[in-house]
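After this come two complexes, each holding chain A, first together with chain B and then together with chain C.
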Partner chain A sequence: MRAWADLDEFQEFLDDGGMVEADDDMPEEYRHEVFRFIEFHANSELMGGLTERDWIPHSPGLRLKQIFLAKTQDEIGHAHLLYMVAADMGIKTRDEMMSDLLAGKTRFHNVFHYRAETWADQIAIAFLVDAAAFASQRAVFAKCTYGPYKRILRRIVGEEGFHMRHGEEMLLKMASGSQVQRDLFQAALERWWWPAVQLFGPDSPPDDPLLNWYIKSERNEALRHAYVQKYVPLLQGYGFTVPDDGLRQDPDTGEWMMSEIDWAPLKATFSNAGPDSARRLANAVRNHAESAWFRESIGVSA
Partner chain B sequence: MVPRINRCIGVTTARTAVTPEMVRSALKSVVDPEYGTLSIVDLGIVDDVAVNDDRVSVTLLPTMAGCPAREVIESDVCTALQTQGLSDVEVLWRLDGSWVPSMLSPLAVDQLGREFSIAIRRDGVLPACPVCEQPSLREVSPVGPTRCRAVAWCDACRNVVEVVG
Partner chain C sequence: MTASQIYEVFLKADGKGEFRHVGALGAADNEMALLLARECYCRRAEGEQIWVVRRDDISSADSAETAPNRNKSHRHNDGKLVAEHRRQLREGS
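Right, the complex of A and B next:
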């Protein structure tokens, strides 16, 4: 067990590339910030997994069904690993995290507050949203000073990278399909573009502790900007229209600049007041109740 | 057992006689789609390589029959061999569940432990923790993010690891 005299000494340790381990006597501020971050990640994996699961019976074809089954298992499994690491930090038990999530007291990613209306929405999620989540997780993994979190992120990032290949494959099918398929994807793109871009969050505050403590390695706006540079030309290359009237390319640098982002929809999801938040949470509550018999049978509570 | 067959045929450009060794060496560049630093050769999933004139037949063993990565690995094998000028390639999967963790190469075992915190169980005994090397692992659930690995907790270093086998 290591201990630090004060936050300055701890900061120096982190600045020198130090990694914090579970039994270290870490500053309480750090413990709380890291815990909140992992809890949010765990909640998002769980809510994301439940969404994927809803689409298993609707997947058009056996192979896609297999993919959605495997993705569901991945996401729920990731939540399982993350809740274990979070619970070990001694702030909330797994039961408490679960009941806070189901009571709407804690947050999960904005993208899981919207409804996937058609199969094309699932493809937009796999292609756009998974890619945004992957970029943001990869940036956390890049430094991540909390050892137990970094170790599971190594596996999570690998698995999410694999999901993206499925997303690309499914998009390719839609893009090279009939006009009906292309129109379906265009409509889905219009629903999911802005939530995907907003997943990175508003610009990082100037003195963000998550950046100072190297939980995040990049500012939110830098990740968002890099994402837009990659996905605008990709989507346009497939012949789709990015739903942003103000989108323009800087003639000198070639960079894509978006219109100003309306952050109100993101803020609504923070208080679980997004377009589909209530239904999603109600589903999660029902799912938790319906699976109680199973948890009891194997002797666990949450 | 009926093997699955995927065949990719293109224009033959190979000019030298193809040997199974050449094919195996080319297959080292094909990596697991989730663990991009591990080749399928080190994972022990290449069961057999046969060459008949310019036709190459690669038989793979999935770590489990329902492995969702099969199609992607298949297409990566075709691409890797085509890059080497081997254009008539057939990929077969043995689906009799014969892959066992002892087929992992020492390099793969080492890399899975060090880079991914994944331990290998032998003879039904939980191995030492891949993070702290203490014999302190406790199985928490028989499956986790994937059906081919259990989840374990290390009481010594308090890390979550996964266990193959």
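Right, the complex of A and C next:
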């Protein structure tokens, strides 16, 4: 077990490329912030997996059913691994994390507080939301100083890569389909563009400890900006319109600039007060209750 | 409800490579741990073989115990002295 005399010494260790392990005597500030971050990630994978699952019966065709089954297994698997890593930090048990999530005491990603209304929404989620999550997870993986999280992220980022490719393949089919299909996706894009952009969060505070500790490798606004540069031309290339009247391209740099972002919808999701938060949580609570017999039969909790 | 136990999971890819630690999971017994390991860590056949080991059954030594071995230069030989001697012979100095 390694220990550090104070936060300065710990910071030096991290600055030199040090990696923290679960049995290290890490500073409490680091332990708590990193734990909260991983718990949030785990919650998001679980809530995302549940919504993927809900669409398995509605998938059009056998191949897409298989893909959505696989995606659901991946997301629930990610939650499983992340809860394990989080529990090993010794702050909350898996059971406690699960009951806090179901009681609405902890958070999950903003994008899982909205309703997926049509199959096209699932495609928008796979194409836009999975890509945003992928970019943000890859940026955490890049320098991540918490060893157990970094090793699990390698697996997660790899699997999210498959989801993104599925997303773009599904989008390609919609884009090259009938006018009805194109209209369906355009409507979904209008519902999901802003939540996807907001997934990166508001601008990082100047002294964000997660940046100083190399849990995050890039500021939120930098990730968001890079995402917009990539996805605006992609969507336009498929013939869709990004739902932002103020969107413009800087004549000198060629960079895409968005309108001012309204952060109120994001903030509402922080307190589980998004448009679909209550239904999603109720769904998760019901799912947990209905699967209790299984946990009991195999003798495990949570 | 009985408490689940924590297992460490190791995978070995096809071929000559070694078993490598990939992470952990909670399971009630060995059989369940293998099943969950297959579903959590090996969904795309990332390993050809799987080991699961109860964490409680692992004995470990930390840096306090391994540190003395960092300091044993007599167990290494960087070949510098011999290389210098040979260089001098070659150059006839």
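One rule holds for everything that comes next: the second predicted complex is superposed on the first by the 302 of 302 C-alpha atoms of A that agree within 3 Å, B and C clash if a C-alpha of one lies under 4 Å from a C-alpha of the other, contacts with A are read in each partner's own complex, and residues count from 1 in each chain.
By our rule, contacts are C-beta pairs under 8 Å (C-beta built on N, C-alpha and C of every residue); 3 or more make two chains touch, one makes a residue touch a chain.
Keep in mind that this is a model prediction, so the values were computed, not measured.
**Q** After the alignment on chain A, I want to confirm one thing: do chain B and chain C clash, or do they fit together?
**A** Overlaying the two complexes on chain A (C-alpha atoms) leaves chain C and chain B clashing.
**Q** Please indicate which partner A:D23 is in contact with in the superposed arrangement: first for chain B, second for chain C, both, or neither.
**A** both
**Q** Would you check which partner chain A:M84 touches, where first means chain B only, second means chain C only, and both and neither mean what they say?
**A** both
**Q** State whether A:M1 touches chain B only (first), chain C only (second), both chains, or neither.
**A** In the superposition, A:M1 contacts chain C only.
**Q** Per the contact definition in the header, classify A:R165: touching chain B only (first), chain C only (second), both, or neither.
**A** Only chain B is touched by A:R165; chain C is not.
**Q** Quick one: is A:D74 in contact with chain B, with chain C, with both, or with neither? Answer first, second, both or neither.
**A** A:D74 contacts both chain B and chain C.
**Q** Identify the partner contact of A:Q66: answer first if only chain B is touched, second if only chain C is, both if each is, neither if none is.
**A** The first partner, chain B, only.
**Q** Does the superposition put A:R155 against chain B (first), chain C (second), both, or neither?
**A** It touches chain B and chain C both.
**Q** For A:E296, is the partner it touches chain B (first), chain C (second), both, or none of the two (neither)?
**A** second
**Q** Determine, under the contact definition given at the top, whether A:G147 touches first (chain B), second (chain C), both, or neither.
**A** First partner only, chain B.
**Q** Which chain A residues come up in both lists, the one for chain B and the one for chain C?
**A** Common to the two interfaces on chain A: residues 23, 70, 73-74, 77, 80-81, 84-85, 88, 148, 151-152, 155, 159.
**Q** Across the complex, what residues on chain A touch chain C?
**A** Going by the criterion above, the answer is residues 1-2, 23, 70, 73-74, 77, 80-81, 84-85, 88, 94, 148, 151-152, 155, 159, 295-296, 298-302.
**Q** Please output the residues of chain A touching chain B within their complex, sorted ascending.
**A** Residue positions touching the partner: 21-23, 63, 66-67, 69-70, 73-78, 80-81, 84-85, 88, 147-148, 151-152, 154-156, 158-159, 161-162, 165.
**Q** For chain B, which residues count as touching chain A in their complex?
**A** 33-36, 66, 68-69, 71-72, 115-118, 131, 140-141, 143-147, 151, 153, 157-162
**Q** What residues on chain C touch chain A, complex-wise?
**A** Residue list for chain C touching chain A: 1-4, 6, 22-29, 32, 36, 39-41, 43-44, 62-64.
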